[in-house]
Each structure stands twice: as structure tokens, then as C-alpha cells.
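Here the chain labels run A, B, C and D in written order, and each chain numbers its own residues starting at 1.
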Amino acid sequence: MRAAVVTNPIDVGSLILEVADDLHGATAIFIGTVRSTNEGREVREIEYTAYEEMAEREMSVILAEAGRAYEGAVLVAEHRIGLLAVGEASIAIAAAHGRRACALDALRYVIDEMKSRVPIWKREVYADGSQSWVDPTRVTAT
Amino acid sequence: MRAAVVTNPIDVGSLILEVADDLHGATAIFIGTVRSTNEGREVREIEYTAYEEMAEREMSVILAEAGRAYEGAVLVAEHRIGLLAVGEASIAIAAAHGRRACALDALRYVIDEMKSRVPIWKREVYADGSQSWVDPTRVTAT
Amino acid sequence: MVGEMLITVRFFASYADSLGLARTQLALDSGARVSDVLASVAQLPGATAIPKIPRVAVNHVFADIDTILQTGDEVAFIPPVAGG
Amino acid sequence: MVGEMLITVRFFASYADSLGLARTQLALDSGARVSDVLASVAQLPGATAIPKIPRVAVNHVFADIDTILQTGDEVAFIPPVAGG
């Protein structure tokens, strides 16, 4: 169970190795990457910022919750901050378990909770040079 | 959408790259690996065999079904056959989509259907040298 | 041989082990169905390992026992699958 | 200064941009609650960007506005999160 806010590129392969275990036959992984468009606008890059101390704490709490809900799950999560280009990974989560349903459910729990609870924000920089903070709670027309 | 029965080790990193797409911000991956124990017996290795022509066809059908159910999903699946050591990957599936719920749901659909429909079998070789075909439909005591 | 057709029959995994056979050919009357293949296979030594209504594929597609066969068809007996 | 305590207040993302401020300190009477911090912050220029009842954390844990503060506590205003 390791949760980290990082500034370097995320190495998904090393996360997979980190949760690998001869007793766990199922590993589920989620990777979130920067998309080239959002709500119809062309995105050039995204700047992620975090309340770092709290973000790592909250991520650890979420992993611990998933570990209790899906007993035996081995979990790791990294969220990258700083300026990310299109296609780069902002988040990666790996979940290993003896049963595939538990690995998949634990993975979904962690990503859903991270999206709603971890104090990390993103500012999209558009092709025209303008930028704006993304607010997922705001209803949009698209 | 590529489905393959392979004999060489599965390269998960290349599957992730294969589904990567600047329009798809969410990638979900499942990896199944050989466990060191099954139903209380110590497993030394597993031999996977396939009805190869049908297995690849059935895997392709499943990917196409998932692509229809979760429109826009980009999917790839590989199943390895032959003699696999503990810890080696027997199956890997990658699903990319613009929405994370769709990537995760498509991934789960593919792994669940592959488990029930693709004509692939495994013979476990135990630490004591004995071996047996695994029949997931047989209820066991454990 | 008017009215006869040749069907390839394939066995895998535990079925192949029990029968000591992975592939054979059967000559059946035209109009024969998968159920006729089952009846022939049931006579083979070691066939008790195969359930009365096994999972069967014709030309790589799952099929039911009423499926009418054509000469050259490949009928496969599919033991409980265990991939993944 | 008997009865006074020092609280660190932090702002992030759109809140920090609107206030032009990422971190400040407030001196409050002992026994003060998160709601007292909200009242002080509401006086700052640019505070209209912050909702009346924002999401708040005390010492890195989400807290409600009735939470009683201790000297040295860190109160953070959390805009809608957008990680992932």
C-alpha cells in the first residue's frame, strides 16, 4: 500500500511489479492520461497542482479503505503534478488480488474516491493560449 | 481491436501503447498471472493449451461485442499458451476509452467473457509432480 | 459414395487425454446432425469422460446438437474452459 | 496574549488565484471554530470566488464548519477537486 504525489513521469511497469505477488493471480491497472480535447476545446497541456501533504494522506486513506473492503488486496497509487503534455499519464493505480472481481472492484473504488476526495486540481492550457481551472462539479453544455 | 493467442511472454507495456490515443484519457488493464497455490496445493507451473483457431476467433468476437456495448472503446487482448512458470502472465487485456467507467466496464466484460467462452484449458503441475486439468465448473470443497 | 460426408472431429484437454485421441474423421450420411457425431463418439473407448450433452463447436463457432452438418465441417468437443 | 491563537490558512487553485493569496495567518480568540475562519476570509478582496460553505480541511483532514480549532492548526480551503 503506497500512495504518492510525484513530479517525474509515472512508470506503470514498476507499479505492476510493486503489487505483483505469487499468491495473487489478478492485477488490475488504471491509467489516466491527458486528452487532446475537453468539452470541444483543443488542450495543449495541463498543469496539475496539489495540496501535497493532504493529497498523499487522503490517497493513503483511500487505499487502506479499499484494502479493508477487498481483504488481501495489494494496492499502489501515484498522481503526478506539474505541467503534463497530451498523452502523458497523470494518474496510475495498480490493484492485485487472488480473485479478479476483487482486483477490479478495488481498482474502481480507488479511482472513484481519488477523483472525488484527493485535493488535486488541474488548469487546462488551450491551443489559443488561454487557460482555466477545471471544475467537475460545474454542469456544462456538452 | 486485436486478439491473439501467443506463445512468447506477454509485453503489457506494448499492449498499453497499442490502445493509447490522445482522445482517450482512461486506460484499464487486466493481467492474469500464474499463482503459486490453487485450492491448497502448491503449483509449480501451468500448461495452457488452446483450440487456437477458435480461441482467436472467439476473443475477437468478444472484443467486438465490448466495442459495441462501450462505443469508442479501443481494446486488445492476448492469451499465452504453453508452459508458464509461477508469476508469469497468462492473459493481458487493455481497454481505452474517453470515460473511465466505460474503460473499466469494457475491461470487465472482456475478462468475464473470455473466462467463460474462449476454448483454452490449463493443466496444473504440482510440487509433487502430479498434474490435473482445471475444471472451473466443478464445485470444490475449498 | 453418394449421400456420405466426411466430418473432422477434434478433442482437447481432458477429453483428448481420456480418449487418447485429439483428432479423427467420421463418415456420416448427408443430413446428419451434431447429435449423430455425439452418438458415434459415445462408442469410443474412454468416452465416459465426455458428458452426454457436451459443449460443441462447428467450424469454430459454438453450436447446438441439432445443427445440421455439411461435408468438411469440423466438430470440436469443448471441455469446461479454464483460460485467463 | 492570553486567549489568542494563531491559525494558518491556505488557499489553492482557483481560490488562490482569486484572492491572490496562497497562505496567510489569522489570530483568533481561543475556542474559535472553522466558521470564524470563514467569516474572516469572507472579508478578503476576491473572496466572492469562494462559496459560502466551502469544503474545508483542518490539519489535512476534511472538517465541518463547527470544528473547534487549536493554536497552530492549518485550515485549508479546498476548491472542487479535479485530480485523475
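Here is the rule we go by: a residue touches a chain if its C-beta (ideal position, glycine included) is under 8 Å from a C-beta of that chain, and two chains touch if they have at least 3 such contacts.
Computed from a predicted model, the values in this text were never measured in an experiment.
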* Count how many hops through touching chains it takes, at the least, to reach chain D starting from chain A. => 1
* Between chain B and chain C, what's the gap in Å when you average each chain's C-alpha atoms? -> 27
* **Separation of mean Cα positions, chain C and chain A [Å, integer]** => 49
* To do: Go ahead and note the Å separation of the Cα centroids belonging to chain C and chain D.
  => 74
* Would you mind listing the residues of chain B that make contact with two or more other chains? => 32, 100, 111, 115
* To do: Check each residue of chain C and list the ones that touch at least two other chains.
  => 84
* Throw together a list of every chain pair that touches. => A-B, A-D, B-C
* chain A residues touching chain B - in the complex, by the definition given at the top -> 12-13, 16, 20, 22-37, 86-87, 98, 100, 103-104, 107-108, 111
* Structure fact -> Given the complex, residues on chain B that touch chain C span 32, 48-51, 53-55, 57-58, 79, 90-91, 111, 114-123, 133-138
* Structure fact -> Within their complex, chain C touches chain B through residues 10, 12-14, 17, 57, 60-62, 76, 78-84
